[in-house]
Each structure stands twice: as C-alpha cells, then as structure tokens.
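Two complexes come next, and they have one chain in common, chain A, joined by chain B in the first and chain C in the second.
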Partner chain A sequence: MGSEGFGPRIAFYIGDIPVSETVTVTWLIIFVLGLFSILATRNLKKEPRGLQIIVETLVSTVNNLTKQNMGERNLAFAPFVGTLLLFIGISNIIGLLGFRPPTGDLNTTMCLSITTFVLTQFFGVKRKGIVNYSKGFLQPMPFLLPLNIIGELANPVSLGFRLFGNIVAGIIIMSLLYGALGGFTEMLLGITVPLFQAGVPAVLHIYFDMFAGLLQSFIFTMLTMVFISGAME
Partner chain B sequence: MSMDMVTASLRLGLVELNITFVFQLINTLILYLILKKFLFGPVTAFMQKRENDIKMQIQDAKNLDAEAQKLREAYEAKLALADDEGKDVVKKYTQRAENRAFEIVKTAEAEVDTMKLNAHRELERERVKAVNELKGQISELTILAASKVVEKDLNEADHKELINKFISEVGETQWQN
Partner chain C sequence: MENGNFIVNFLNWLMSFEPKAIVLAASAIGAGLAMIAGIGPGVGQGYAAGKGAEAVSRNPKASRETTITMLLGAAVAETSGILALVVALIMLFGNPLVNLEGNALVIMASALGAGLAMIAGIGPGIGQGYAAGKGTEGVGKRPKLQSQIVRTMLVGQAVAQTTGIYALVIALVLLFANPLLGL
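On to the complex of A and B.
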C-alpha cells in the first residue's frame, strides 16, 4: 500500500477496512444497470419500442449465445452469462468516462474467474456425480492426474489474469501517454496547460477501452461458458 | 483531478488480493440477482410469452382460414345448387307460362271460332227470317193481286199454304242469288 503506482485508490474506510475505487465504481455500475433494468422493463409492450428494443436485443443475444455454447437445456445460465458480459463490458469501457475500470483490479477479475471455477466444479459434480467427475481427472492416463489438476486450476488463474492484464495494461499505457503528452506540451510550447492531451489519445482510447475492452469481456464470457458446459458434458 | 490529489490519495497494490475481493464477490452476486430479477427474467419470460402468443395466433389464423375455406366451399356448393334450382324454376315457369300463353291463344282462337260460327248462324237465321218474311209478304201480295184479278175474295187461310208451297218450290232458287 502506498501513494505511488497504478493500483486502485482508496475511496474511503469502513472502520479499518479500505474501500477502493474498484468497489465504488462497481457500485455505480450496479446502480446504473439496476436502474436501466427496472426502467427498461417497466412497461413491456407487444410491439417493442425505444428502450425495449435495446433490452430485447440484449437479452435475446445473451440467450442465443448461451444456447449456442451451452445447449438449450442450460439456458438457466443465461442471467449469469449476461451478468458477466454486461459487468465486464461496462467495466472495461468505463475508463472512457474517467473512472478506473473495476476489471483493472486483480480482485475483481479473480473474483469472477474463481466464481466461474466454482460453478464449473459444482455443476460438473452435480451433472456427472462425484465419482464420474473425479474419474475425468484420470483421463486419458491415470498418471496424468497431477497435470489435469494443475490444468484445471490454471483455468481461473489464466482467465482472471488475462482480463486483468489487458485492462491494467491499457490503464498504464494511457496514463503514461497522458503524462508524456503533458510533458511534450510543456517542452515544445512552454505552457503548463497540457494541450496535446486533447484529441491525441482518442485513437488509443478506442483501441484499449472500446476494442480490447469489449473483446476481453466477450472472451471471458465465452471461456466461462466453455468451461462450465465442458465440465457438464 | 489535480496531480496533488492523485499522489496524495493512498493506493492499494496493483497486483495483490485483498479485502476488495470480498466486496467484489458480494457486488457480483448482487448484480447477478438484480439483472436476473429485473432484466433477464422478465424480458425472457415476456419474449417467450409473446412468441407463444404469436404462435397461437398463427395457429388460430390457420384454423380460421381452414374453416373459412370449408365454409366457402360449402357456400359455393350451395350457390351452385341454388343456381341450378333457380334455372330449373325459371325453366319450369317459362314452360308453364308458354303453356299458358298457348292455352290462352288456343282458347281465344276457339272463342273466335265459336263467335264466328254464331255470327254466321245468326246471319243465316236473319236471312232465313228475312226470306220467310218476304215470302209471307209476297204471298200476301199475290193473294191480294189474285183476289183483285178474280174479284173474288179468296180464302186467305186456305190458299196461303198453297202459295207458300209454290214459292218455296219455285222461288227458292231465285232467292238464292
């Protein structure tokens, strides 16, 4: 803990417990998504209009994605899949509004990937039975058991670190860029107003926040579906 | 946000697991529950219901269509029948009317014939009557003339018959002209 580096700032304390901006931005996302959900589904009409079109497109996209990757009978996972997609997607692009993305915090990404891991193990055991599921770790050869276990444990780690790394890299590069642009302005024009910071970073924002961000949210969600449905088959 | 504030506010480590993990676990659960209850649940249910409704409506429409088709066929058959019946009726009544007209004409003709015959008979009777009258007068005249000639009053009753006989025998052919 310190005042340097790229870690999330502490917003406030509850007693001795530090609450970081990761948590407060997550609260903001929860609030916005909750408000959106309630407002958009308040008055559903048979002929969709306005917000309802967006909501229906969103929900049917998530439902279809779940159906395609996990099968018709696992449609109950759609809300979880949709939660991951929406939360990670919005977290990744919220940097555009000046907030620190919650997914740029290892705690968030590991929380999500460990949730996925737990669900994978739980539904694998539930669907196959503890014996059959455990036997899967002895395939194709019994002596591969340690490797299988390591492979299984590697999934949440790689899942969490991939997302975290992508987003935090974006944060670091963008803040370095802003710093450099400010320095350039001072050096070239001799004024303290960081003029070059306007406009120039937009291209990188589009890449890191929009493209990489949405891509990573999609990758995380897809892998989650693959892991869970893979364990159940 | 000024540089001072950024450096002043404490930061948690960049790569470390800490209490935030617990917060995020709870946050994720809350977000999941909210989205499930308010977004995915109702919208999926709504869309499912609408899909079923539309399916049902299409089925209903199909049923109605089939029913309408059946009714149309039935009505067409009925119409064809009615058409035939109408034609029959028209034919029948035309036939009847023709017959009636024929009858009327025939009756009229017969009547005309009768009337002609009657007229003819009447004429004949009139003629005979006229002839007889003439005959009577002639006989009277003859008797008058004869009595004048013989200066003697002939017995009218006695001779009238004689004279009539004579006239009818002799004069018949003459009156025929």
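On to the complex of A and C.
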C-alpha cells in the first residue's frame, strides 16, 4: 500500500533515507528481546528461580516443537525457530501497546518468508546434493517442471502475504472502529471526549491482536519448519 | 453511433463520464467482487469446525489436540479471504490506478479484472478447509500422531494455495504493472 491510508508512517529521515515506523518498532523489539535474553540468562542456577523458569519453559517448548516437526536430528534449527516465534509473536501483539506492528508491513513479512525460502533451498541442496535435489522438480513427470517451480515460488509469497494480510486487516478494522466510536460519542452525547473508545474495543483487541496475532506467528513458524524439513527429506 | 445496439450505447454512456469517475466506480465494484472469495474460507472453515466437533464428541480425551489441529488448519484456510481483503483494501485505500494515464476503459476493466481474479480464492478456501477437517478427524482418532498429521495437512494446504497465489499475482500485475496500457 502507498504511504497514505493505512501504510506505516515515516518516523524520521537519515540523510535522504526515510525511516518508517516499521523500522523503529523493529528496533524496539530487538532491544527488548535482547535485554530480556541477557537479563534472563545471567547467573543461571542449577535450581531455576524467577526468570530462569520462564526461559527454561520457553526453550524446552521450542525444542519439543522442533523435535516433533523436524525430527530429532534437525534440533539445530531450534534457535532459528524460537527466534522466529518470539519475534513474530511480539511484533503481532505490540499493537496492544499502541505501536504499529512491524508485521503489518509487507517488507517485514516478505523478508521473513524469503529467509525461509532461502533456507529451504539451501538445506535441500546441502542434504541431497544439487543433482538429486533438482531431480525432485521433475517428479512425478518431467513436463511438470514449470508447475513445480511456480509451486515452490508460491510458498514464500503465500507465507508472507498471509501474515501481512491478517495483521494489516486487524490494524485497519481497529482504526475504523476507533474512528466510528469517536464519532458516535460526539453524535450521541455532544461532547468531544471519546468516552466509548474506553473499554469497548478491548474485546476486539483480544481477538485481533492476541488470538489472531499469536495464531499467525505459530502458523508461520510451523510452515517454516514443515517447508525446511520437507526439502531435506 | 446514434442507433447502435445496447452495448455500444452503454459504452458511449460510460464514456460520457469523467475518466477518473469511471476508474473509481470500477474500483468500488472490483473491491466488492474480490470479497466474494470469502465464500471459500467460510465453507472450508465451517467444514473444519464441524469435523472438529465430531472428533471431540467421539474422543473427548483428545479435545486439546483436536482443537489445535482445527485452529491451525482453519487459519491456513483463511488465507484466500485475507488475500482478497488485501486486494480490496489496496483498491480502496492505495489505489494505483487512479493516477494512471491511459485509456479509461482499459483502466476500468483492469480494476474489475483484479477484483474478479480474486474470486478464485473460493477454491483454495474450500479445499484447504476440507484438508483441515480431515486432519482434525484424523487427530481425533489418533491423537499421538498429531505432529505427522499436521505436517501432511500443512504441506497439502500449501500446495492447494497455489491457484490462489496465481490469482493474486494477476490481480497485482493488473493493479501495479499493467502491461495492457502500454499496447
């Protein structure tokens, strides 16, 4: 979408380069996640207490998820899977704090899905060898080659657009609702204090930000695992 | 062209408006047409939900696994609807056709065509929903195999999405890189 409408606003300029809200909020998320990781893993104990319990639960959940979906021998992907899950999850629910989710920008989601695509191709070639891997595109019939290639390219596109579409739809519906509620208060009560905007949108925030956001981050991560391990088999 | 047939009269009538008004009107129709794709995810997710309810009623102990599978499958089946929504929103809020130079009729038809293309989303929506339903049914029967079943379901759904992506590509080409205007 263009810069007008519901696209991310430009926060400031470095020289001639525009820095959009997406980038600044991403910096914030990187900072918060980095700080959390450092604080949570400082002086680890044999018997976990406080933050360490949370982190240990998180790590073992991600490890189990990776083991279940990619197999025991691909456990080395767990850090990537965990990072993806945390980053997309936090990005999707950061709308609750009034920031614009970075995943509501096609640049972010396509970047993530292209990462998945490159990993898929790279590990497919690495595990099977370039010849065997390329032969996979001639299955089950050689003349299906173009369809197989397009099908392979469609994966990152649908991955990126799915996340982007869900989040941006949430952003737009919420801002339309806030606008409507503001107009509603003015019309009914004749005051410019946006009374109805307090409380009423909470239910929709739970659905669009918490439920849909966390579900979509899980889907993105699941599909990433499925694609990568599928290419390696 | 005074006594032309109905179609000629209609086109003449259309051309009596300002080019911008025609393009805007066509974008409105196109945005509406795109959302027809919602039929697909609706039917598909309904099927998945039905299968989920059935599976839980047969095997209440596996209700957690069943529900997670149903949600995953249904969320993927949602994709076509979301893609249609993206195209409709582009036409409403970031319409690239408005400031385009060229034949108003071609631009108008492009807006309509982009909307029409997204109707293809009905197919993937229903198909992915069917896969989600069958996956949910399978997990209800054998909850221990959940991860394998979900994997197969997701791979199949990703392939089923392909035609929807074709439609999206055509719609975006019509909107952003229209090759017909240069002819």
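Some points to look at:
The definition used in the following text is that the second predicted complex is superposed on the first by the 230 of 233 C-alpha atoms of A that agree within 3 Å, B and C clash if a C-alpha of one lies under 4 Å from a C-alpha of the other, contacts with A are read in each partner's own complex, and residues count from 1 in each chain.
Criterion: a residue touches a chain if its C-beta (ideal position, glycine included) is under 8 Å from a C-beta of that chain, and two chains touch if they have at least 3 such contacts.
Not measured: the values here are computed from a predicted model.
Placing chain B and chain C on a common chain A by superposition gives a fit, with no clash between them.
The larger set of touched chain A residues comes from B, when the choice is between chain B and chain C.
In the superposed model, A:132 makes contact with neither chain B nor chain C. Applying the stated contact rule after C-alpha superposition, one finds that A:83 touches chain B and leaves chain C untouched. Of the two partner chains, chain C is the only one touched by A:166; chain B is not. Shared-chain residue A:68: touches chain C; no touch with chain B. Contact with neither chain B nor chain C is seen for A:57 once the two complexes are overlaid on the shared chain.
For the superposed model, the angle subtended at the Cα centre of chain A by chain B and chain C works out to 130 degrees in steps of 10.
By the touch criterion defined above, A:7 lies against chain B and chain C together after alignment on the C-alpha atoms of chain A.
Shared-chain residue A:223: touches chain C; no touch with chain B. In the superposition on chain A, contact is made by A:154 with chain C only, not with chain B. Put simply, chain B and chain C get as close as 7 Å, counting only Cα atoms, in the superposed view.
Once the two complexes are overlaid on chain A, the chain A residues touched by chain B in the first and by chain C in the second are 1-2, 4-7, 168. Residues 6-21, 23-25, 27-28, 30-32, 34-36, 38-44, 46-47, 50, 53 of chain B touch chain A in their complex. Note for the complex: chain A touches chain B at residues 1-10, 17-20, 22-23, 26-27, 29-30, 33-34, 36-38, 40-41, 44, 46, 55-56, 58-60, 62-63, 78-80, 82-83, 86-87, 102, 105-108, 110-112, 115, 168. Within the complex formed with chain C, the residues of chain A that make contact are 1-2, 4-7, 68-69, 150-151, 154-155, 157-158, 161-162, 164-166, 168-169, 172, 215-216, 218-219, 222-223, 226-227, 229-230.
Taken in their complex, chain C has these residues touching chain A: 71-72, 75-76, 78-79, 82-83, 85-86, 89-90, 93-94, 96, 147, 150-151, 154-155, 158-159, 161-162, 164-166, 168-169.
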